[in-house]
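Below, subunit A partners subunit B and then partners subunit C, in two separate complexes.
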Partner chain A sequence: MAGNIAKKKITLALVGNPNSGKTTVFNNLTGARQHVGNWPGVTVEKKEGSLSYEGYDIKVVDLPGVYSLTAYSLDEVIARDFVIDGNPDVVVDIVDASNLERNLYLAVQLLEMGAPLIIALNMMDVAESRGYRIDVNALAREIGTPVVPMVATRNQGTRELLQTAVEVAKGNIKVAGLRLQYGREVEEEIAKLEKIISSNSLSKKYPPRWLAVKLLEEDEEIIKKFKEL
Partner chain B sequence: MDREQVLRAKDESLAHLRKVYGDEAETVIADARYGFISGLIKDVLKKPTIDRLTLSDRIDKVVLNRWLGIPIFLAVLYGVFQFTFVASVPLMGWIDKFFGWLAGFAEGISPAWLSSLIADGIIGGVGSVLVFVPVIFLLYIVLSILEDSGYLARAAFVMDRLMHKIGLHGRSFVPLMLGFGCNVPAIMATRTIENPKDRLVTILINPLMSCGARLPIYALFAAAFFTAYQGLVVFSMYAIGIALAFIMAWIFRKRLVKGESGHFVMELPPYRLPTIAGVIMHVWERGRIFLVRAGTIIFGIVVFIWLLDYVGALEPIGRAVAPIFTPAGFGQWQAAVTLIFGILAKEVVVGTFGTLFAVEEGALGETIATQLGWTPLIAYAFMAMCLIYIPCMATIAVVKRETNSWKWTGFAIGYSLTLGWLVATLIYQIGRAFV
Partner chain C sequence: MPLSMVSPGEVVQVVAVRAGWGLQRRLAEMGLNPGVKVRVMNSQRPGPVVIDVRGSRLALGQGVAHKIMVALS
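The block that comes next holds the complex of A and B.
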């Protein structure tokens, strides 16, 4: 990361559920005119754009919209691989504020991976029009990562998002991360596996605890990685 | 061995957890995540005590109704084509006049071969394709509005039950609907389908969804042969495409790619008022491709065809292939030539007719009727052929890339050629018995 700061380059990955306004945020950030659709599956490949902000060259990578980060479908694999292998300095998860509960599943998984996450709480206008009141500060505190409310269709919150992204990349804002408790029995098995994995070369690239959880979830991609060693 | 140790430890842990929980660890872990989230939600989200029925919900009550859903979808589709055709007539007239004026200009050029190249080849060929720009753009405008509003996602939902009957999932319908624009991005959109078998079948049937490039063909013949029923005739082409896609999917799923189809929850995005900027962006993004193709590929092909025609090579090629199409009614060499070159890009069918007959675009339909002796029945069979036969080159390339198999790519070409010929022949032969 120090090297990146010296060159003043930041790689920012955009993730989010389908239809959370991810591509709109991408367009707001980069000034691009990518296709924005009102149904899932518009972004099937990752798209890149760039911008300058406060002396930083920020590369924005728009990843496919996914609900989770299992390895069941190609778009989920594309998104996950980039978050892990692309070494982004910041991962922005676009969360539909009017569908908070469903959208947070992906955020939780990203935090489990140890991603430098920012939650962009999009569509605040829709949430408000339904009378939802979201305590943004409490959300940030409990989930352990910065939360930026925004209305992407009106280009509101873009600047705040950029500012937060720069602060996270600089290390001024620390992403506390999330250490979910899966229950005593599961935790015991995780601990066992973690111990075995920590001597494995894969644990240099991925957090051992995350690898252990993925093994228990019988994640095909991760099992394949172990087999290929 | 290190890796064996890890994998063995994993299996032991899983066996242990299965015993403890009576469930897969995967489920237990997912439950822990959901549990955390619902706790979090209680802390940070306050919903109004009475969650009123949103406008979205109220619209959905009608649009997603068990019985009304599919009729509403078909009515919407029919309305789309009616509107597109009625609204595009004056615009097409202007463009036609413009090319007529341009051709008149080109006829004065000497030497004669150059004049013929420009007037017959380029203006006749490219011009006859460009005349349909208004139809295509209007269709894209309406489809974009439907898409941005969230209705097309509902259409997929409505079709879900029907899709299950043919062994697919409603989610496969989204890439199918995208096929109305262009099959290339539509086939790429199948990447969201988790089940590889569902995905393969969705790719194979996608070319049956009538793309924008096929619209000029329908528009040309509908205007010439079915003046009063243009919208209906074109709508019927799209409907035949959808019906065949379903039938083929059912057959493929039964015979070729057997197995369970995937299950997932259908996404229903909220209705949103489409923004003008958004619609313009979509239309331009899709329509631009059509214009660029007209200026590059189509231009190149029609010049090549003009050249073949000029040296007298076109007719022998056409005559060699034409007999195949005699049972379908369009066994003339000109028709065969257009179909051969139409493989490169479907709108070339119209461009080739334009070059071959070298008449003003407005008169092209009537010229085909008189010179080839076509009846509305033959025109209809020919339209069906153009709808079904062989995906265009760009689509073939993307089928190869996404299936990563020459076998399935070859199959996609083979079955559509056979099916196209079969349907066209059936239409002609059955139609002849009645008319």
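The block that comes next holds the complex of A and C.
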């Protein structure tokens, strides 16, 4: 990652629930400078674009819309693998502000993975029209990650998002992350597994605590990775 | 009663999801958990049950809809 920054290149991954406005944000960021391809071996669209901002060459990757990062569908596996294996400098989770509860589920999963996360709180206008008042600062404080309010359809907040992304990539803004407590019994099991996992080569790539949680959830993809060792 | 029995246009509240933890979690990820109100938009056999949940439309197979227990609200 340090090398990337020395070359002033930033990889920014866009994730989010279906219909949260990822593609609108993507288009706002990259304009016409994008090309559509395919993820190798699968028929899920991959979109990449690039832009220059304050001397940085920013590559934007639009990931498939997902509700979570479990291994139910190909979309989810792709999104998860990119967040981990693609080594993005910044992960932007596009959150539908009018549907916070459901959308934050994915955000929590990303934070548990230790992703360098920014929440783009999109559709603020819709949320307001429904009478929701969202305390953006309180949200950022509670979940330990920067939150940028946006109205992507009117291109509002795009600059602020870029600025925040650059600051996170530079390391000027630290993503504190989130450590959910699962209760005593589950925590004991997590601690046991974590201890075993930390001597394992997989823990170099994935946070050990996250691997432990996924094993307890019987996540097929992660179990497969352990079997392949 | 199961969600699959609800007529289009009716608003019901989810009481329980009688399914394995995999499906329970999957539905919860999409915002369909006990307590939430849903409006049935379309329900015809054969064919999926289309519902409005938290402002999003979801299409559920009859089998899945049969496992979601609801009460009229």
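Heads up, the rule we're going with is that the second predicted complex is superposed on the first by the 216 of 229 C-alpha atoms of A that agree within 3 Å, B and C clash if a C-alpha of one lies under 4 Å from a C-alpha of the other, contacts with A are read in each partner's own complex, and residues count from 1 in each chain.
We adopt the following convention: a contact is a pair of C-beta atoms (placed from the backbone, for glycine too) under 8 Å apart; a residue touches a chain by one contact, two chains touch by 3 or more.
A quick note: this is a predicted structure, and the numbers were derived from the prediction, not measured.
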Is this a clash or a fit when subunit B and subunit C both end up on subunit A? clash
Check whether A:E220 is in contact with subunit B, with subunit C, with both or with neither, and answer first, second, both or neither. neither
Tell me the contact category for A:D85 with respect to subunit B and subunit C: first, second, both or neither. neither
Mind telling me which of the two, subunit B or subunit C, contacts the most residues of subunit A? B
Looking at the overlay, does A:E48 come into contact with subunit B only (first), subunit C only (second), both, or neither? neither
Looking at the overlay, does A:Y105 come into contact with subunit B only (first), subunit C only (second), both, or neither? both
Touching subunit B and also subunit C: which subunit A residues? 19, 72, 98, 101, 105
Give the list of subunit A residues in touch with subunit C in this complex. 19, 67-68, 70, 72, 98-99, 101-102, 105
Okay, in this complex, where on subunit A does subunit B touch? 18-19, 33, 35-42, 44-45, 64, 72-75, 98, 100-101, 104-105, 108-109, 126, 130-136, 138-139, 142-143, 153, 180-183, 185-186, 189, 192-193, 196-197, 199-200, 213, 215-218, 223, 226-227, 229
If you look only at subunit B, which of its residues touch subunit A in the complex? 2-3, 5-7, 9-10, 13-14, 16-17, 20-21, 24-26, 28-29, 32-34, 36-38, 40-41, 43-48, 51, 54, 147-150, 152-153, 156, 174-175, 188-189, 191-194, 267, 269-270, 272, 275, 278, 281-282, 285
Under the definition above, what is the set of subunit C residues touching subunit A in their complex? 25-26, 28-31, 54-56
